[in-house]
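Shared between the two complexes below is chain A, which pairs with chain B and chain C, respectively.
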Partner chain A sequence: MSLLLWAKGPGFALAAVLFLLGTAMRLAEILRLGRGTDLARPRGAAGGQALRTVFSRFLPAPGLFARSPVVHAGGYVFHIGLLVVVIGYGPHLAVLGIGGRGLPAGLIDGVTLLTMAAMTALLAARLRDPVKRLISGPGDYGAWGLVFLPLATGFLLVNRVLLPFEPLLALHLLSVEVMLALLPFTKLVHAFTFVLARGYAGAIAGRKGAHS
Partner chain B sequence: MSDSPGLATLLRHHGIGRRDFLTFCAGLASALALPPVLAPKLAHALEAARRPSVIWLSFQECTGCTESLTRADQPSLEQIILSMVSLDYHHTLQAASGAAAEAARRQAMADNHGRYLVMADGSIPLGDPGYCTIGGMSSADLLAQTVAGAAAVIAVGSCAAFGGLAAAEPNPTGAVPISRLVTGKPVVNIPGCPPLPLAMTGVIAHFLAFGRLPELDSLGRPRVFYGETIHDRCPRRAFYDQGLFAKSFDDEGARQGWCLFQLGCKGPTTRNACATVKWNGGTSFPIGSGHPCLGCSQPSFWDAGGFYRPLSRPAGLGPGMAAAAVAAGAALGAVAASKRPSERQPVTLDDLETKS
Partner chain C sequence: MTMSFANGLAALRPRIDAPVAAFLSSCVRCGLCAEACLFHTETGDPKYAPIMKLEPLRRLWSQEFTVMGRLGRALGLSKPMSDEDFARWEELVYDSCTLCGRCSLACPVGNDLTLMIRKLREGMVAAGHSPEGLRKAAHRALTDISPVGVGAQSARKLIAAQSREVGIPIEIDKHGADWLVLISSMEYIAFPEMLGALARLFKAAGQTWTIASDAYEATNVGVQIGSCDVARAIVARTVDAAHRLGVKGVVTPECGHAYQALRWEGPNLMGQAFDFEVIHLIDLLDRWRAEGRLKTKGKSGLRLTYHDPCQTSRRGGLDPQARRLLNLVAEDFVETSDPGPWNWCCGGGGGVSANPRARDLRFKVFAAKKRQLEAVRPDAVVTTCSNCRNVLEESLEHWGMELPVLSLTELVAEYLDEVPS
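Moving on to the complex of A and B:
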């Protein structure tokens, strides 16, 4: 019980502070840096293209899906599945302070398994591809583990596998807290910065009169 | 054992027939998770058993455990079992008091040396012994003296088993559980606030019938009664699996009998047999009556984060601290970005070649 109480109390507070502080720091740094001044005469609207690009990049570039279907399909399943599990499960809604019943536990179970399977396929694809393997470092594999562990411990917790409820709940909370605390300082920060990255890219292209 | 008639004689004396006794033995064998073939052997062993001497010590407690045992309003399995023991010392139940009571305890210890059972409820104040003294002795001394010649010690209730309420933060008396002070004797913990009467009497019956204590878990609790969680056998479990939770005590979910997890139920982390044995002659138990399990048979349940706070919900972060974290992060980020370009370390072609 002491581990669970620590995870629910000081552990969560520490993780939340690091998450908020780190995320604010990263966003402020990026926004403060901004972009270099472009002295050329604008040939199009930057703002509209910036907004459009934030959403258009949710779709794969033409032809890329067919060239690497596993990576694209896996990516969609993993990201959408993660979203469904995080905000669709009743107890998660309670933790987030959102009302509603949530989705049935059986459905969440299935989505969790599918999400973990997609993540495993993506990891295998990364390891099998010599180019991806070359450009992958500890940060990439670490980020994969930080996301996979909460999913795995959550699945074990709901299904009461390997360990009793209490230590599994403590492990699940701790794995989420580690992910939260490290999110701003790892590649997982793209959960927030993707908006800025796409927006800047869209704005630059839009100013040049190109569609992004 | 005391020189008293066996159980069979006692039962006849109480007007309980052999058929009732055999029915009781079958139920007891089931409660103790014994194979059916052992039920007749259990009956035979209990019939032949002599009444053991029991010395019941009460320390920092509320007498709720004794109330649990004695408040049955009709002859029960528990009372039948209790008629099997010779309760030679019990503050609440004995007629004698003062020096006469202490003399009865010493007499029982001398007459049954090495064979009597010590049942203890309440925690021991080690920080300041003055909080609980009996007959001019500190609780720790009384326990040590009484346990010295005992066959086994049964710690009844969460206070005796884990420290309970007295040991809750900030534990002003320095309360410790019985097991902390007893060495060289088997100790069984029967936690609960109060514990199920069947758990108490089941352990005694097992000891009488087989001459040894039942199998215990890592917290010293009999596995037969504490092997599963409340959640495992909860009648509301199906609603948990469907994601149907009561959000308040008077909402539609509560009226529909949905899961009480979000109202703070500790069933998933609590090992006890309440959901199967139930209370008041099998009438109901807290969750059955619409109240979350408090987790009273687990260590430190008073300090387990609040009775009405969901198990999975973290303590939360105050808005002030959250705002301070965001503000500090934004300031740090702005400072980092305002460094002169010469202080930054741009990635060069050499860096890329080194990495590849």
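Moving on to the complex of A and C:
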């Protein structure tokens, strides 16, 4: 079986299984710990604030954009860009079973380049800033690579650069599959757990009538 | 493994619940929490990054509470925790964190780092790695009621003197009073006028109150050092006194952490909901204001600004209450930058001011507050936490700034319209 066929078939299935089971395991690992009942009389609404906090933390904290412009600008461009490329590109929509024509190829190309540029800036900031360097480990650089490779191979594939179509498609699929398979076991799992983290923070503060 | 190290781990494990696991799973190592923390912004030292302060907790969670971490440990890929880790982190967890909560508000994934640092202290103290100053204060709080050594007799004398001063009786152990009022250590030793102000305010509002002879202190050093046993013993005193005296509610004074300790941790430490109300003094005064019980006359002509205590504003949500009361008595109230939830800490909360070792560091990080104050050039700064008040006074003096620090409660009392006799 060729690499491409493997990537399209068993490779994809394996990655999907690891992704789904791994994510379920990580979420179970968190939720099974539970929370003690809070016996203090509430002063505010936990539920409403939990929900609000899930969304309000998409906005930068006052004054922090200026203190950390690369993390903020790079973070927004990277996250939004990734989303646009994943769900805005026609062939991706077909694979996801959604259908539709997707966004123009030129636009997707531009967004991909912008997203990779943002990621490069974020990596440079991680390497240069003393705080980020201190708190970063192999997992942080590894996670960066896991996301960057699908973008890079996707760009090469669409523009038919370096290699012929088939090997490039195989590489692109494999890089996506590796990312999917490892996502639950790296910090990329925040793609799911951030909802829990923000929700808990909002609920804890909300019950007190405090800020979150 | 030493006994104390094992105790530390044993105390820490039960603190790891679903929120902690969600927080630690979600951290993307963006470093933004450091940009919100005064210990990092004012020193530039990366070791003060809030997420860094949590490393012992993160490692324990990873190694024992995640499948991947357990696998890694079994394969010898991660270094087991040691007593050395706790020892090395003592300074970060105590001296350089006021539990101010600013990092928790700034984290983009929503991590409540402050809550986790509070939890980590439970493990640190059980492992025998907590600052001597706080340990001594905890010992005094358990043996003599007051962590700063204000004995029952001294407290009685101070109360009597203030009662004479304002000409209003302050009754101790009055059964059936509406409110049992707690007074903070700092108020006894540095700001006793608060007692007189309280007498005038309660009288004006037509409410009865009392101070308990065996629970006259609000300060809960157990919450600061991170020992739930000490915290519980201190809370239990107040709960017993409230029951014994049959009061409707307990008022916590102008003190941030005392409010958190009794109002929020209290019932959970005791394992049961309270059958009386617990309210912060500022919340009560604002309630009286809304009910029309507080009639004031005139306003201060001084240019006043407000220092938001972290535990009442950011982590308590009482910032609007404080501003409503301030506007009642201030003609020229000016906000500093980052008011309310985003205010900068005085540098002495969370037990830091009770830790002499951290003195120089807290003066250094006061630079954030200093900038805020210098930008608005007030005649005086008002606050609602006696610990903040004391720390502000000390730090202003350290930086050679002359600026009076006022209590909001005392200010409101000063502008009360006739107090009925």
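Simple rule for what comes next: the second predicted complex is superposed on the first by the 211 of 212 C-alpha atoms of A that agree within 3 Å, B and C clash if a C-alpha of one lies under 4 Å from a C-alpha of the other, contacts with A are read in each partner's own complex, and residues count from 1 in each chain.
Simple rule for what comes next: contacts are C-beta pairs under 8 Å (C-beta built on N, C-alpha and C of every residue); 3 or more make two chains touch, one makes a residue touch a chain.
Computed from a prediction, not measured in an experiment: that's the story for all the values here.
Chemist: Per the contact definition in the header, classify A:A210: touching chain B only (first), chain C only (second), both, or neither.
Modeler: second
Chemist: Tell me which partner touches more residues of chain A in the superposed arrangement, chain B or chain C.
Modeler: Looking at chain B versus chain C, the one contacting more residues of chain A is C.
Chemist: Pick one for A:E166: touches chain B only (first), chain C only (second), both, or neither.
Modeler: Touch status of A:E166: first partner only.
Chemist: When the two structures are overlaid on chain A, which partner does A:A197 contact: first (chain B), second (chain C), both, or neither?
Modeler: second
Chemist: If we overlay the two complexes on their shared chain A, which of chain B and chain C does A:V17 touch? Say first, second, both or neither.
Modeler: Only chain B; A:V17 stays clear of chain C.
Chemist: Once chain A of both complexes is superposed, is A:R128 in touch with chain B (first), chain C (second), both, or neither?
Modeler: neither
Chemist: Where does A:L103 make contact in the superposed view: on chain B (first), on chain C (second), on both, or on neither?
Modeler: The answer is first: A:L103 touches chain B but not chain C.
Chemist: Of the partners chain B and chain C, which touch A:L33 in the superposed model: first, second, both, neither?
Modeler: both
Chemist: Have a look at where A:M25 lands relative to chain B and chain C in the superposition and call it first, second, both or neither.
Modeler: Both partners.
Chemist: With both complexes superposed on chain A, which partner does A:G9 reach: first (chain B), second (chain C), both or neither?
Modeler: In the superposition, A:G9 contacts chain B only.
Chemist: Touching chain B and also chain C: which chain A residues?
Modeler: 25-26, 29-30, 32-33, 134
Chemist: Give every residue of chain C touching chain A within the complex, in rising order.
Modeler: 16-23, 25-32, 34-36, 40-41, 46-47, 49, 51-52, 65-68, 104-112, 115, 263-268, 270-274, 277, 313-317, 338, 340-342
Chemist: Under the touch definition given earlier, write down the residues of chain A that touch chain B in their complex.
Modeler: 1-2, 4-5, 7-9, 12-13, 16-17, 20-30, 32-33, 89-91, 94-95, 99, 101-106, 108, 134, 164-166, 169, 173
Chemist: Quick check on the complex: what are the chain B residues that touch chain A?
Modeler: Answer in residue numbers: 229, 231, 240-245, 247, 261-262, 268-269, 298-300, 303-305, 310-317, 321-322, 325-334, 336-338, 356.
Chemist: In the complex formed with chain C, which residues of chain A make contact?
Modeler: Within the complex, chain A touches chain C at residues 25-26, 29-36, 38-41, 43-44, 53-54, 57, 60-64, 67-68, 71, 75, 126, 129-137, 140, 185, 187, 189-190, 193-194, 196-202, 204-205, 208-212.
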